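A short worksheet on the structure shown next.
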Amino acid sequence: MGGFIVKRLAVSVPVLLGVTFLIFMLLHVVPGDPVALMMGERMSPEVIDRVRAQMHLDDPWPVRYVRFISDALRGDLGESYKLRRPVVGLLRDAFPTTLKLALAAALVAWCIGIPAGILSAVRPYSLVDNFFMGLALTGVSTPVFWTALLFQYLFSLKLGWLPVAGFYSAKHLIMPALVLGWSSSGLVARLTRSSLLDVMRHDYIRTARAKGLRQGPVILRHALKNALLPVVTVMALQIAFLLSGSVITESVFNIPGVGRIAVGAIQNRDMPLLQGAVLFTTVLVILGNLAADLLYGWLDPRIRRDGGVGR
Amino acid sequence: MRPGRDPKLIADELPPLVPAEAGDDMAGETLWGDVVRAFWKNRAALAGVGVVTVIALMALGAPWFLRGDPYAIDLDLRHLPPSWDHWFGTDHYGRDLFTRVVHGARISLVIGLIPAFLSTVIGAVLGVVSGFYGGKTDFWIMRLADVVLAFPSLLLAMAIMYTLGASLFNIFIALSAVGWASTSRIVRSQTLSLREKDFVEAARALGVSRGKIVFRHILPNCLPSIVVVFTMSIPAAIMQEAGLSFLGVGAQPPTPSWGLLVSQGKEFIFSAPWEAILPGVAILLLVLAFNFMGDGLRDAIDPYMKD
Amino acid sequence: MDRGNAVLQVRNLRTEFATRRGIVPAVDGVSFEVFEGKVTGLVGESGCGKSVTALSILGLVTSPPGRVARGEILFEGRDLARMTPREMGAFRGRDLSMIFQEPMTSLNPVKTVGNQVGEPLRVHLGLSAREARRRAEEMLDLVGIPEPQLRYGAFPHQLSGGLRQRVMIAMALICSPKLLVADEPTTALDVTIQAQVLDLMMGLKNRLGTAIVLITHDLGVVAETCDDVYVMYAGHIVEQGDVYRLFERPGHPYTQGLLRCVPDASKPGRRGPLASIEGAVPLLTALPPGCRFAPRCPWAQELCHRQIPDLVAVGEGHLVRCWRAEEGGKP
Amino acid sequence: MSDALVSVRHLTVSFRAEGGFFGRSHRRVRAVDDVSLDVEEGSIFALVGESGCGKTTLGRALLRLLPPDSGEVLFRGKDLARMAPEELRRQRRRMQIVFQDPYASLNPRMRIRDTLAEPFWTHEPHLSPREVEVRGRELLRLVGLRGEVLGHFPHQFSGGQRQRIGIARALALHPEFVVCDEAVSALDVSIQAQVLNLLVDLREKFSLTYLFITHNLAVVRHLADRVGVMFLGRVMEVGPTEELFSTPLHPYTKFLIGAVPLPDPRRRDRERLLLQGDVLSPTDLPPGCRFAPRCPYARDRCREEEPRMSEREGRKVACHYPLA
């Protein structure tokens, strides 16, 4: 297991480097002059040149990339053009909100998705199965922003149960979490079902039945753990999905999280802020993947004992 | 019993039906024939095909059967609720929303098909190359895929759109650049398992060149999963475009992109809810239809992807 | 004929599968008896229905598409075929148990072997985890697994194929069942390991008095282990009898052909062509109207192609399903 | 030996062991370890051994489908291991392989016509499609199938029929040497005999040389001229079939033969030779003879010093204390 962790960490490093490089290339080698964008077009060329020199934007890109990396490692992601505040500070303030939203949504997704998937798999092709799977596919197919608007219309305007937008209390979290969780519960349900069905076809399930176990214990004791192994991995990836899905949710519900920062940064052409938000989210996703793999390794004795990546 | 000199002609026998495969349906002429037959039995999938066909026909025929202009502004007709004259009502410029939604279908279909096709082709080529040639090529392609997959796809697409500028054409590029990675992983893993198959080994033993092995043996066997991946990436692309346009980094006004329509409608969600809700229903319907289709196709093809 | 007590009597069993091409009888009118402390072999080639017979006994036929359509499976006088799944569950793993061909896939990869071996004790006898562990370790020791205390906590992937099959045997026998159904238990194993496992099974049989139904395609394994043999072909039993008699004087042309196909490793090779049976097993969806072996039988007559023969006694306990049984299956 | 069609000299083939840092361990497992063999022209040479002994790897290395680490593979005196790719490609038509799994050895997306045409496309591109079709029909007839099935797909055939098609493909270009890698072990007994007889028939027709890789000792005794016994990557014993079976020199050979169940119930009470212990792992080999941990006759020397292959009366054995 120790070797497995080391190996998995070692794989993450080049990915992280690649990610920073891609972000850098995308946002720094943009056609158009960021300074001109930042300061407006009426600024005199001399001023623009001076600012460029101050910001070291005249250096060749490899030099800028190395500086970007070393600054980032020191926790410095630059300053927002628009808000005139350090990017790291803005992200640090926004992150807890996004995390709360993502976790609440994940909870919703799992609480709906896993039971629905299990019920479907127990009686495949039955009415129950068709109902849940139709529902799951609908969930996958619903645009998050649309559900959000629908919920706002129904629960806030028509019923008056929940606040329309903003993020001030736990009550404000309910609607966004439901919206975001609903869209990914379909994925969880479908995955749980197919994984469980797949496991139920294995020989060791027949062995368990041959021992005299009834259907319930067969599923609970022998099938579920195997079936949930891939689900767990996807659930960790889901957090990533939810973090990016929260871009839309946050902007609809006007929640001051990382996603809304990213959207705002694009609207204001605030390059350092966008770069910081993207980098930050991606690092979170990589960490999520890492956690998923470690969890998988911990749950699956074939990896736990041998240290191999036996998947 | 006679010892087996002069083997009798035994071609007219069929394979024995062993109980282990008693439930399977794989005895037809060709793969695709069987797939079509299995697909036709799937009612949900057929309903999907029906909905997609209707939407596609409407989109194609829009200039002929809709008299209205999707861009025609009439400030006297602002925010009209759905009625016989305006099925979906009108928007804040008094444009007929139904006309705009139908025209928007053309965008969604094009967005669904082109980036899905591009990303599938790119992903399939890279996946086969990666899996078959292995070594350094494989290493670098897969690391690139890792990097792309590490990004939440919407954020990466947003960043690309930021760089390239918001336009319909750039959406093609952004979505293709995001979508190829997962396809390449799927195709690569399939290539890896095919590469070890005896029939590929037999071709090597015959001295068949690597390129011909790829085209005769690897690609045709990857094709079922490539088709499934392609079908599944259509609704994904439609959703992403809608998301980008909703956020304002996709299609730009006055283009009647569905995401944009919802985004414009959200300003009036309390006074004129249909403006946001109805274009959203269109997205849901089309994406759902494609998903049902893709699901049906996958179920029909699945039994053939194992060998 | 007195052969002791019959532990299991299968009468006129028919197990069907629903396929796209219609209902397929994988097992059709099969009857046999298993006696206390004896090894009863079901032999035949793939698709003959021997494994489905085994699964039918244990009520493990996957349904749908399969189902036991007709017949009785009398286990100590009670008909297993008529039992509810719940009643059946009380028997499985306690009084009758089963081992399978693939020891690799038949064990749950995420549970320790000890836990799996001890599970029937907890399910059927309600033993505490500690007591189950103690008994499981004893059982692992009994099936010849070195260092049972250590191996108790091992996962299946950490054991070799031979050891895994020993674990399966331990699991099947831990409640001292009266009947063990072994479906190709050594087919996936190497020949030296096969010899060890068969030796172990026979030793345990003698020690625990368990009756065994051994399902195999390997006539060598049958000759080495079985007391009674039933030869199956396309869902039918075509010949049954005492192992010595059956190998010495096979009555059915199929049995005769099968025996001739197998070279004897202990005898010098004849260097000529091997005997073979021409043709292939018929499709279960397109069975011939008469004797199912008739299309491949070199001595088939007009009657053979028209009508299915009954099992006819040709000696003590030796029955043959052939129109020419009296002539020894030959012209 | 001058009349050897294929000779192997000190051949070693290894694989990277599983696991390790980045999934690429630097430890290598020697699947075939310093093996030397000769296959005489026109003979059937059988390679026997249990799973994981390296017999399949050796078979593939003989055809240069796997790159050897060291050693030579001489085909009519020319070293395949050091041949240029283009030259090797031309040589391929002279040596072919028949696989074990009839379900995996035919491309499921290719009609039989194309499967049988591929050898001609590759080596005789001047043939017209018509001629290729005619050759395909001839090949099918040769293996006992009707020409009409050219348009069928593999899934429409039974295992035995597929195996015949695999044989037809292997023989399309009239090779001199054919490796049969467990060619019948996936088939039912009655079908096995049909296919084996076909292989023997074809040997006479085309004066083929066979390497049979198998674990079925009964068939080996019946068909093979010479036998090589492998254990954990090494050849333990080589000799003429009858002598090897009647008086095995290596203890492993003796136990291997003794473990085969005999289709004769009257002999079930004979004294049985049971090999104790479990299959060993090729990743951690003992210092001396690799069979020593399971060998009941092993002495101290066996556990310290690895025996070399020694020759006696035309037979070879790698044992310090050969039997008989």
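Each chain carries a letter (A, B, C and D) given by its place in the written order, and its residues are counted from 1.
Heads up, the rule we're going with is that a contact is a pair of C-beta atoms (placed from the backbone, for glycine too) under 8 Å apart; a residue touches a chain by one contact, two chains touch by 3 or more.
Bear in mind that the values here come from a model prediction, so they are computed numbers and not experimental data.
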item	value
Centre-most chain, if every chain is reduced to its averaged C-alpha atoms	B
Farthest-lying chain, centroid of Cα atoms versus that of subunit C	A
Mean-CA-position distance for subunit C and subunit B (Å)	49
Chain centre separation (subunit A, subunit B; CA means) in Å	22
Distance between the centres, which are taken as Cα means, of subunit C and subunit A, whole angstrom	53
Numbers and ranges of subunit B residues touching at least 2 other chains	3-5, 8, 10, 13-16, 27
Where subunit D touches two or more other chains at once, by residue number	158, 160-161, 193-194, 197, 201
Per-residue multi-chain contacts in subunit A, two or more chains	11, 306
Residues on subunit B engaged by subunit D in the complex (per definition of touch)	3-5, 7-16, 26-27, 29-31, 197-199, 201-209, 212, 216-217, 220-221, 223, 304, 307
Subunit A - residues contacting subunit C, complex	202-204, 206-215, 217, 222, 225-226, 229, 299-302, 305-306
Footprint of subunit C on subunit D - complex, ascending	50-51, 158, 160-161, 188-194, 196-197, 200-201, 215, 217-219, 221-224, 241-242, 245-246, 255-268, 272, 274-276, 278-279
Complex contacts: residues of subunit A adjacent to subunit B	11, 14-16, 18-19, 22-23, 26-27, 30, 134, 137-138, 140-146, 149-150, 152-153, 157, 240-241, 243-245, 247-248, 251-252, 262-263, 266-267, 269, 274, 277-278, 281-282, 285-286, 289
Subunit B residues touching subunit A - in the complex, by the definition given at the top	44, 143-144, 146-148, 150-156, 158-163, 235, 239, 242-243, 246-249, 259, 262-263, 265-266, 269-270, 273, 276-277, 280, 283-284, 287-288, 291-292, 295
